[in-house]
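Each of the next two complexes has chain A plus one other chain: chain B in the first, chain C in the second.
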Partner chain A sequence: MASSQPTAATQSAPAPRSRVGERRKFLSAPAIVFLIAVTQVPFAMTIWYSFTNWNLLRPASTGFLGWDRMWRNFSRILSNPDFWTILWNTLFLTGSVVVLSFVFGMMFALLLNRPFPGRAIARTMLISPFLVMPVAAAIVWKFLLLDPSNGLSAWVFRSVLGIQSVYLVEVAPMLSIIGIVSWQWIPFVMLILLAGLQSLPEEIVEAAQLDGAGPLRMFVNITLPHLRRFIEIALLLEVIFVLSIFGQIFVVTSGGPGIRTTNLPYQIFLEAFSSFNIGRASAYGIFAIILANIAMILFLQVVRRHRLEGTS
Partner chain B sequence: MTRRIRSLPFIVTLALALGFALAQTTVTIATVNNPDMQIMEELSSVFEAQNPDVALEWLILDEATLRSRLTTDIATGSGSFDIVTVGAYETPLWGQNEWIESIDGLAEQYPDAAEGYDFDDLLPAIADGLRVDGELFAVPFYGESSFTMYNEAMLEGAGLTMPEQPTWQEVRDIACEVHDPANGVNGIVMRGKPGWGDNMGPITTVVNTFGGQWFDAEGVPQIDTPEWNEALTFYRDLVQECGPPGVTGISFPEGLSLMSQGQAAIWVDATVAAGFLANSPVGDAMGHALAPVGPVAKGNQWLWSWNLAIPTTSDAIEEAFRFMMWATSKEYIELVAQEESWAQVPPGTRTSTYQREEYQEAAPFAGLVLQAIQNADPTDATAEPQVAPGIQFVQIPEFQGIGAQVGQIVAEALSGDITVERALERSQRVAAEAMQDAGYY
Partner chain C sequence: MIRSPVLRWTLNVVTLLLAFVMIFPVLWMVLTSFKTETMAIAFPPRLFFTPTFENWVQAVFNGPLLEFMGNTALITVGSTLLALLLGVPAAYAMAFYRTDRSDGSMLWMMSTRMLPPAGVIVPLFVLFRNFNLLDTHLGLIIVFAGMNLPLVVWMVTGFMEDLPFALIEAARLDGANLWQEFSAVLLPLLGPGLAATSLLALIFTWNEFFFAVNLTTRDASPLSVYVSTFKSAYGDLFLAKMSAAATAAVLPVMIAGWVAQRHLVTGLTMGAVK
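For the complex of A and B:
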């Protein structure tokens, strides 16, 4: 983009235009500096802290670990068996939420794409979980819905199913978290897919119907290929955000019982603000960045391969 | 013209109000959401009335949030607070780091505020824990130890009595004798919820009195030892065989709830609980004894205090010091007794409180609490010397991280997921790594 523009400009009016171009570059410099300051400086400091042994209660411990021991925070984490459990928790949570919200988001989007009375109200109500703050949603789920003696689940267990009430957060902590996070993310996927469905040209639908395509055929051969771009963007954004889920875990389970619902962000929080071990917390942060990048690259590759298959 | 005259009084009032507001200094106080601190906030209007030049602002948080908020705030020198509430564990560490003002220094600098405070009246066991090299860095607002609380009616029903100084073996025999889960009675309730301030508090006192300790004098962890094994095995068997189910979910509030509903016979926990239990349905049935001992008569009762300190970054040190002196004075204790009741005065700080007949009447267990606090010696809590003082904790910066992880592993052992040997082996490794990384050895 930046290289092609000046050449195009030289053809019509050489001297003044190029100066304008340079001036434009100069004008964008403050924005770039600002961007570097707010994104790259904290990142660079995280890298630096991960090579220190800084304990907040020990102000003198902010120095570099030394060349021979500089990787100690990382090697300690890798040799800690809990780390692999936490990593698995993070991946399992993200994967489950992405799959669930995709399936249900697609279902709701398809339903809402059909005209029916009260559609606008239904759409607004279906979107609202996404607009609730994560911590507020978690509190509602923990105390109003899942509480074993006063919650809605207690009523369902006792009056509807006729069995003794159980505390789902205790019996199935991870599934409870997955349920709460999915509940919030289904509307997001639904919203984007609905926008995609509504941009599907009417003529193509009619043409396919004239050719005698049934509903399933329509969905697989017309709707899904059309939605591919929308699915990509929805799931990509979702992976980024769900990898760093914190509020729901903090409120509902505090990472427990044991470390069964501890994910990487929660572990970073514990290291930094409960153990005050800034060095170790920063090293965990680096692992979280690596994980997010791996997940993103894998994800993009899968999507790209699909697109190639789709065109061939 | 007339309009201008009419608005004159208004302008004068506004100017006066502004001048008054400018003359006022704001003191921001961060504290824990314990009942005693909530009373302090309520009664602080009395202080504001006596000191019109000071306006108080409060931030009240739960223990864990307060600890992380204050530590990050003070370590990064952002200085948002003029008075902070600091635990017995942190006070000397913060004093060493010069994060908080020396109280002795302030008392010399502002003799008016410290007049009639009577520093010698502070319980020595509590005040000594707030000193670094003999210099006081915080004043105690509230202090506690641990002791045995039991339901006398249940014990009598089984024909049993609790000695005033029981051994752990005796406590276990009694607990298992009255344990009757079919009728909703648990023999004993003890903490099992992971956390250095949760399960590791009572477990460390058991380890101490069984002859074990976290570290030796150099800081080498001593967890993988026969003493820890014996103590933890005893504790696990006790809570598994004669306690309620789900031990890893039980901490102070759960224990209090089980005891006050008559669902547990014995509870060894913080002395402050006795006051709560006295006002519960089982209040009349409660008996009290000292914390149980094992083979080593040391470190079997803990010592904890919540204290007020002034960060060195404060810009209202004189005003903050005035409030701090007021809130921990004898007069304040009188004020709480007057406005609330004698049972609600902050315990464990002043000898004079325990000499009051009114207090002894309102809190019949007060004598035992005082004895427990006086018996507890953080500088001599383990059979062999330890790297730093502390009874249910060890006063080194690394302890919070180690304690949290070991608490987690120990909880797995208490629930029976892993063996005691495996738990101690893992805990030893965690602690050794952290202590080596910190450069102790």
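For the complex of A and C:
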């Protein structure tokens, strides 16, 4: 595994330092310029806009707030109790999905990490939820499964449990969103942990078995330490992407009731495309970027550490 | 590892059962798409029934599904090609002409993929408005190419580094120029890798919703936007048609994912896990 990492592979090939190389290393320039244009330029503009009072509904309001009032968008947001609810929603949603998908993802990965008839088909079935278009997953859950009169849950409540049908989206909106998103992200964690389990060298497992290690000690002392990097990568990537969950909320609850399922991306969507408040939406965007960057910096550290290990 | 055959078989059955539970919502959606509308809301829900293709005919020929699918196809293919066009040369430089800055550039590219879409949607909207890109295919092609470019660079760099450098040296001794070296030596060997990379880019692009819904209104909207419009459907008689449309939207990517299974992990972690 580690030996096929980029750095390791190139070091075995002699780096050609010819004049050809001097020119060809610039083949990466178009990609870098393009990425700067579509990601860094908008990022810089977000920062700039967050210090303006620009509102598309008030064409005159395009300007910088002024040095004395430049933080107004931020102070308005921070002094709004809704912001803290939205921030909590974002963190609670992400945290719950990460925990649930880790528990079930680990379970599925362990179950799949044994040869048995039907393993390939089980694996294929288990990864499928991740491939479902998020908005399609959302309408399927909302209308076909959870709908209180026509959904399958109505049958479960009335015929199986023998109680009144309950509309879970109404009773527990946040938990419904967490459930749907977790259903989609369990396979993601499972796939990465399975790759980790399958890279565990056979000799180590056999040696530990010879030493008389039971399944539990084996898992805690051998499997888990080996999986550490895979767990870190899976969970940090998941945090980054689940922080940006939007489609499921848009379809299932529209952020409601009230703001009970509004997360940062949904709030930014409302500020920008319902209130047309470019300045305020950008200031919210800065908070979204800060959150994602915390996870991203940790992730890049893991990747860098792993690449350094790969060269040794 | 587990010696008792009873325990082993119990675990096998449990695994298959859990796998069935996980994929059940998808199966239920496909099943519902072949019901009549009245059958779709029947209580108790029917598992066995005479399938009808009425909803599919309705959804495909009487609805706007094909238009949206055409948009999705155009945007997906266009953005994947653009990402390959920019990303493969970059990967070539990263794999064979490393400099002190290559590692930093690679990590920086990866970091751009992790920028939250909500953090840049406002300026993108403004830029699109100024450049007349709102509700155009070209606009989404540019954004999605940017989204997939880091993936392409990371994956293709990995595939190139797995190739023996001696092959390239041999081609150079024969006097091959850059294009000959690429088209005659690298491309045939990279074929499967490029295919896997393209499939993964296709999956991400096809399913994307946030940029799509905010940067298009109707003419260039992809399938994901169309599927989301069912959220405000009223009345009881749309479940089967909705299921047909959703199945049509989900199935191509699901098949692509099954085909690219082996590369899924590499793609999802951008090469951090192989």
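We adopt the following convention: the second predicted complex is superposed on the first by the 262 of 312 C-alpha atoms of A that agree within 3 Å, B and C clash if a C-alpha of one lies under 4 Å from a C-alpha of the other, contacts with A are read in each partner's own complex, and residues count from 1 in each chain.
Keep this in mind: a contact is a pair of C-beta atoms (placed from the backbone, for glycine too) under 8 Å apart; a residue touches a chain by one contact, two chains touch by 3 or more.
All values reported here derive from a predicted model rather than from experimental measurement.
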| item | value |
| --- | --- |
| A:256 touches, of chain B and chain C: first, second, both or neither? | first |
| Touching partner for A:75 - first (chain B), second (chain C), both, neither | neither |
| First (chain B), second (chain C), both or neither touched by A:59 | first |
| Partner chain in contact with A:273 - chain B first, chain C second, else both or neither | both |
| Touching partner for A:221 - first (chain B), second (chain C), both, neither | neither |
| When both partners are placed on the shared chain, which of chain B and chain C touches more of chain A | C |
| Chain B/chain C common contact set on chain A | 273 |
| Touch list for chain C against partner chain A, complex | 1-2, 8, 11-12, 14-16, 18-20, 22-23, 25-26, 28-29, 32, 40-41, 43-45, 86-87, 89-90, 92-99, 102-103, 105-107, 109-112, 114-127, 142-143, 145-146, 149-150, 153, 157-158, 161-162, 165, 178, 203, 206-207, 209-210, 213-214, 223-224, 227-228, 230-231, 236, 239, 242-243, 246, 249-250, 253-254, 256-258, 261, 264-265, 268-269, 271-274 |
| Partner chain C, residues of chain A touching it in the complex | 1, 4-7, 9-10, 13-16, 21, 24-28, 30-32, 34-35, 37-43, 45-46, 49, 108, 111-112, 114, 116-119, 121-145, 149-150, 152, 154-155, 159, 183, 186-188, 191-192, 194-196, 205, 209, 215, 230, 233-234, 237, 240, 243-244, 246-247, 250-252, 254, 264-265, 268-269, 272-273, 278, 281-282, 284-286, 288-289, 291-292, 295-296, 299-300, 302-304, 306-307 |
| Chain A - residues contacting chain B, complex | 53, 55-59, 61, 72, 76, 170, 256-259, 270-271, 273-277 |
| Interface residues, chain B side, partner chain A - complex | 64, 68, 71-72, 75, 90, 93, 97, 194, 248-249, 397-398, 400-401, 404, 408, 411-412, 433, 437-438 |
